[in-house]
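The structure under discussion is supplied below as structure tokens; questions concerning it will follow.
Chain nomenclature is as follows: A, B and C, assigned in order of appearance, with residue numbering initiated at 1 for each chain independently.
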Amino acid sequence: MTVALSDPAGVIAMRRDRVTLRKTVVSCALLAVALLLAVILLSLVGSEQLPVRSSLCALLSLGTSPCGLSQDQFDILFQIRLPRIVLAAAVGGSLATAGASYQSLLRNPLAEPYLLGISNGAAVGTMVALVFFGANEWSRPVLAFAGSLLATLAVYRLARGRAGATPERLILAGVIVTTFLSSVIVFVTTLMDATRIRSFTFWLLGDLSGTSKTLLPVTIAIAVIGAVALTLNARSLNLLMLGERDAFDLGVEVGRVRIVVFVVASLLVGSSVAASGSVGYVGLVVPHLARLSLGSDNRISIPAAALGGALFVIVADTVARTVIAPRELPVGAITALIGAPLFIYLLKRA
Amino acid sequence: MLEARDLTISYNDRVAVSNVTLILSAGEITTLVGPNGAGKSTLLRSLNGQVSRTSGAVLLDGQPIEKYSRRAIGRRVAVVAQEAELRFPVTVLEFVLGGRFAWGPNSGWGWETERDLVVAAEVLAETELTELSGRLMNELSGGERQRAVLARALATEASFLLLDEPTANLDLAHQAMLLNLVRNRCDARQTAALVVTHDLNLAAQFADNVLLMKDGKAVRSGRPHEVLTPELLSRVFDIEVLVDAHPITGAPRVTPLAVPRTGEIK
Amino acid sequence: MDVGGTFLLAPLLKTKSLPALVLICLALACACHRGRSSFSDLTITREVIDDAGRRVLLPGRVDRVISLAPNLTEIIFAVGAGDRLVGNTTYCDYPPEAKAVTKVGDSLQPSLERIIALRPQLVLISTASQLEVFTQQLHDQNIAAFVTDPHDLDGVFRTIEQVGQILGQTQQASALVKKLRERTNVVQQAVQNAKPVRVFYQTSGEPLYTIGKDAFVTDLIRRAGGVSVTADVPGAWPKYSNESALAARPQAIILPTGGSMGAANSTVAEALRNSPAAVAGRVYKINDDHLARPGPRLVDGLEEMARALHPEAFKQ
């Protein structure tokens, strides 16, 4: 019995009940516009007051014309604020994408880079870089990536049982690795002197104020490449999300996809943590929101999470750098303050 | 043609399947029966390449199954098993469309084509799930969900269907319905099906061939009335049985008679 | 051993009563356990109030003192009581004799066991070490703990006098404070007519930390003829916004570095690279130990800052 495609009801139903290319493009375009607006509008906000019209004019001229801003004001806008906002976007996008991918791969809506120990692995790597290779800027993201990969490997080996690494065992192993690495971090922290401890603790909670002209483009590039690479595996992740064995039966190269997701996600987390410490909750709340509003299909939820994560961290960081100006709060504190209640609300609704 | 030829599978120092030969022919339903631990599921899983063999061969269209990519296998062989717990909300339509994965581009990206949608609509109609296509899988009853799993397998347009205890948690009506759907499919498209089941009567009713296994070995294979005999069944299952003919269909009807010989329960 | 116990012992031994013997041993054991503090209980005690408002009971003469902060170690040596220091922290490195003293841990996590084993009569604590919980633990062990918490230079002078009083070195302490005040006045007079230089004090570069209203260095900068651009920011060591640092346009930048800090914090923060201070080359590295330790060397730091900010006032 064939359904005639000229049947309008059937076709409409087909469109409504699944995610289409059009839905994806429209949603992502809307999010991208919102992101662009956020970048522009929130660079007008900061601990120093800048004239609104001149700043807008300078922004829209892409920095070619000062539009009446003094040299200091211009520097504040283009050397301090804008790079920071762009970094916030890259970090937020990276963490949300990584979170969304882990959740699909591990079939657990609670899988998150922090919970799985990946963030802490990256933090330990960064600490090693700071202590032993302090002078070399590149040592930080490289060792952070190494740290997150090692943490991933540790989690995976711990989780391997007779039935393979089931998601439950993975989460459990992740918690073990996280807590172990947290102790390592605390241990190293106690070896530091008082002033270092204060600044290091702040960094651990998420600090986007570090400006590195050389590493910012790298962080952005990794965020974009990572999001694209993971989106390109979205169809496979859709099936993996519903069951590893089923995905295998239906033709997914489970082993290959797993490796890709682990490596790319580790890279994303490593570069974020190296740049800004551990910004928590982004990888948990943003993918959840994306799935709730747009559906579980990864072809839409991964890019949406990337854009949404960027937006989320930009907003959180704006709060962190203005609410007690001229002092600053760690952005991780703000994402937790927003993220935790939001997550509880989402859990209740689901 | 999909066949296991003198297949032996052992792991962890245990022989799960021992020198079994099984051929799935187009249009026929073969049922695989035997006590727990007989190696039925292992054998089924080896037929789509999931479990690797120790010796012997699994041949798909004459070639060892190891030679095929997962995608290629996915287009020829489909599995219906116990549905894994769904932790993410997904509509029935999305779920069934998952069966079209192996027909899409050879990458993790891509969108469904018109043909994918047509096939999905067809299998939804075939399994009587059209009205439910927009509902979330979690909202369906057990029987409806299992039909959706079957629909997904049918959407792969595979020539070989492997069903691992598909009626395990279904009520009477749904058990019959599911196997009827399989029967219809096999008749309509010359699909071959292998059904692992504990229900000997269901097996008797729907099967063209029966393979009886015990401890990894094939005890007997053939037509239902040849395999489902009191001597064979009581030997394999360690229980006295009575086998008579179903009053309407004439198929063998198996009734257990007494307590298991090795048991003490009464 | 408790004096009273000895008197009881003789007649009871004569009775050859085992239960009584057991009782006496128990009593003696309890007395011995309390021996450390009960010794001081029996001598003359004074009561002093520390900077945390707590009443501290001290013996008339303190022979065994432990310092839990580098600045307190420096003060103890400076008032001439260094021979009575029986324990200090791993950070206590000045004067050089301080390095040889038994270490009880670092400022943040001192070892209670080590401290008890050294049998001090007094432990000096600086709130910069954030030891509120620890103070309670010492109190539970009947060890006198005195907390110091100076907020400005005058407070530091007062701390020196207090420590001198406690350790019976009142004369040396007064003489020291007098000299330090003289040096301070010299500096303040030299710069009093000069226009205050706007200073950014960079405690750490990345992330950017500076000094706020409650830090004693803010006061020090004022006396050195400068004004901290972050003088009215609440708190003592705030994390500061890069933009505001840039907008502050400081005329001079002070980098506390070297000393026990090593090479850390020896470069100006990114946000200040184009500031008037950096452009004019007015970036001054000063030994962190002279600025971070509220002790006698703070005046060294004051002089160094003043010389850097107003070189013309000190030409001799």
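The definition used in the following text is that a residue touches a chain if its C-beta (ideal position, glycine included) is under 8 Å from a C-beta of that chain, and two chains touch if they have at least 3 such contacts.
Just so it is clear, the model here is predicted, and its values are computed rather than measured.
A.B. asks: With chains as vertices joined when they touch, what's the shape: line, ring, star, complete or other?
C.D. replies: line
A.B. asks: Tell me the chain pair with the top count of C-beta pairs in contact.
C.D. replies: Of all chain pairs, the one joined by the most C-beta contacts is A-B.
A.B. asks: Using Cα averages as centroids, what's the distance between chain A and chain B in whole Å?
C.D. replies: The computed centroid separation for chain A versus chain B comes out at 42 Å.
A.B. asks: So how far apart, in whole Å, are chain B and chain C when each is placed at the average of its C-alpha atoms?
C.D. replies: Each chain's C-alpha centroid was found; their separation is 79 Å.
A.B. asks: Going through chain B residue by residue, note those that touch at least 2 other chains and give them in order.
C.D. replies: Residue numbers touching two or more other chains: none in chain B.
A.B. asks: List the residues on chain A that touch chain B in their complex, please.
C.D. replies: Listed in rising order, the residues are 1-3, 5, 10, 13-14, 16-21, 104, 107-109, 231-239, 241-246, 248-253, 257, 291, 295-297, 299.
A.B. asks: What does chain C use to touch chain A in their complex?
C.D. replies: Contact set of chain C toward chain A: 91, 106-109, 128-129, 203-204, 206-209, 230, 233-235, 237-244, 246-247, 249, 260-261, 264, 270-271, 274, 292.
A.B. asks: Which of the residues in chain A come into contact with chain C in the complex?
C.D. replies: The contact residues of chain A facing chain C are 46-48, 72, 75-76, 79-81, 84, 190, 193-199, 202-203, 207, 209-211, 321, 325-329.
A.B. asks: Show which residues of chain B lie in contact with chain A when the two form their complex.
C.D. replies: So the residues of chain B touching chain A come out as 48, 50, 69-75, 78-79, 81, 83-84, 86-95, 97-99, 101-102, 104, 107-112, 114, 117-118, 120-122, 125-126, 130, 133-134, 152, 156.
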